[in-house]
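Paired with subunit B in one complex and with subunit C in the other, subunit A is shared by the two complexes that follow.
Here is the complex of A and B:
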């Protein structure tokens, strides 16, 4: 399978690999996927004054899954959480030129950011 | 240490043609170009003689006679011919076939085709070691069983079935025994007499011969096995398989078979040595590297290992310049992980994490070292970004988590 240059770049130089302390109040954690399906993404955000100031990921999955999560962490940094909620998998797929068989990787990345925001909002009484 | 890249370590998929084989073939493309079926002139006689020689060379590797070799376009055709040919010829006697879930698709899909056309198929499972249970086989025989088809060696794991024992069970019940021996032919000793094999599928390109040619061994004596042809025409190959013989390819097949038989002992020792060296390095230097399939009954050159918590395709992506294969779903169009590993009871995660390395005639120790180093580096790098690895390091039981399947 031929990978796009952007997928290869994110695979070889992943942005924002790592973990934040999930017990912290400002941190939201999303874990999506399943080992049985061949991909699991953990995406974490730190939110200050409604703005995502930091994002980290760890991904078990193919190169396209790693690239999708790496790209999303890059995008959401500095975003308001309301804007981050608007990220669509199609934007991720387009940016990385994912082939049809890899679209599920971009769906998973969208799910991951939404799950991380939901976790953060739950900690804050889902008031937002 | 210098190695030339890319490194080929996928000999179970195919092999380069041995230079000696190429040289044997060349005249048969140009001045010795005759049709082996032309009985009226010297061009035909020369071609026929070459085919006779190739037939003997192939037959002698498995202690068969030349007349028992039916040349085909490859092992997929040989498997189709054996299974459909027996099922059709013996349909008046019975329509029950016994095979195994870890067979190659050429056997599985042929049996499924026959199921759709009225045959009944018993699908034997395998244990965690990859072996079928001989007691289960014994219990599966029925009065209407006409064929047992069990592969000699598995293409993904290298596990070798107890062929002689299976052959004895079949012979005692007068049931025909077919084996897909593509991976084993020319690599381990096979004897159709001692092992009571009635039909055997083999292929040239797995033994450093050309692609596009294979053969079906069809026993002629005690018992005489008859099959219904699946390709009709000029009655070539004793009517078993019509079509003009691909003389240059057959010459190559014969030469490759002869070399394989001559060098088997020495080559096995060298390749097994490299395989074991590779296995020891990988399993001692990388934690949670799990060998798939028993090594007690195994081909010398094949090594299938799961690197837990690392997905196979992402690992392959890091192994640029190295040709190996993976049981990961992502490397197949179906997005399903290896059915062979799953049948052995591996959970999906470990099946997704598997790599198959196959060592062959031209593999060097330096190449093995290079490949092991690259695998280790990449497994470490990918585990550092694997949430599963992190959870396991934190003492979390992955089985206890409710995953969101997608």
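Here is the complex of A and C:
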């Protein structure tokens, strides 16, 4: 199966790989997995005044899963959490030209950012 | 047990219920994880012979097509049933849960969040270990290998007890652990990777 240039670019030069301190108050952590293939993804955000100022990820999985999470961390930096919540897997899949068999990788990335936001909101009394 | 293969003459294959046979029925076995290995081999060979396209080379187009489809189905059934893990996953699928699907109702069940967190944290430790030498890696490999065996044993117990849900949950854990084990093996093979 051929990967698109964008997938290869994110796979070979993943943006924002790493960790934030999950115990910090401003940090939200989302950990999700794809049971069908065993991929696991951790995506973390730092939020200040409702704006995502930093994002990091660690993904153990295929190229498409790594590219999807890398792309999402790029996108969400500078976004309001309300807007980041609206990110759809279809946008990720479209940007990376993912083939149908790899759509679940973009779903995983959407789930990860939503889980990270939910974790942050939980720490702050889930005002939404 | 139904062994129909031998009774068929070379040119009259009944297309009949081709699609309706599950892999166990196709190879004349009782449905269940514990199978008679000898019967599996014998029945597969017998059916491969009787359904072989060469045997039907002179028959009409329809019979030739059926022979081809049946041969492919026999091979697929054998490929799945001879492998203990594939066999277990197939039984779960027959029970209504497809581990290759992410459908929330009929797809692979998600493990506990704590399990996923552990899978991430163990990856962090693996990264530290790759600089810590071969012994530590080999030790971790043994540890994960044992866990893999243990969750698979849990899955088999569940299948024996007819509990598809529990079997599916254990087999999903097995897939995550298998993925981790593959990464450990990769780290062992290329110790200089960062």
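Brief remarks follow.
One rule holds in what follows: the second predicted complex is superposed on the first by the 124 of 128 C-alpha atoms of A that agree within 3 Å, B and C clash if a C-alpha of one lies under 4 Å from a C-alpha of the other, contacts with A are read in each partner's own complex, and residues count from 1 in each chain.
By our rule, a contact is a pair of C-beta atoms (placed from the backbone, for glycine too) under 8 Å apart; a residue touches a chain by one contact, two chains touch by 3 or more.
Just so we're clear, the structure is a prediction, and the values are computed from it rather than from any experiment.
When the two structures are aligned on the shared chain, A:66 is found in touch with subunit B, with no touch to subunit C.
In the superposed model, A:46 makes contact with neither subunit B nor subunit C. Of the two partner chains placed by superposition, subunit B and subunit C are both touched by A:58.
By the touch criterion defined above, A:107 lies against subunit B and subunit C together after alignment on the C-alpha atoms of chain A. By the document's definition of touching, both partners, subunit B and subunit C, reach A:38.
When subunit A is checked against subunit B and against subunit C, the one touching more of its residues turns out to be B.
In the superposition on chain A, A:10 makes contact with neither subunit B nor subunit C.
Comparing which residues of subunit A touch subunit B with which touch subunit C, the overlap comprises 19, 31-40, 42, 58, 60-61, 104, 107.
Every residue of subunit C that touches subunit A in the complex is listed here, in rising order: 99-102, 107-111, 113, 116-117, 119-120, 123-124, 172, 175-180, 183.
In the complex of the two chains, the subunit A residues touching subunit B come out as 1, 3, 8, 11, 14, 17, 19, 31-42, 57-63, 65-66, 101, 104, 107-108, 111.
Note for the complex: subunit B touches subunit A at residues 309-311, 313-314, 317-318, 328-331, 333, 335, 337, 347-349, 352, 384-390, 398, 403-406. Put simply, subunit A touches subunit C in their complex at residues 19, 31-40, 42, 58, 60-61, 104, 107.
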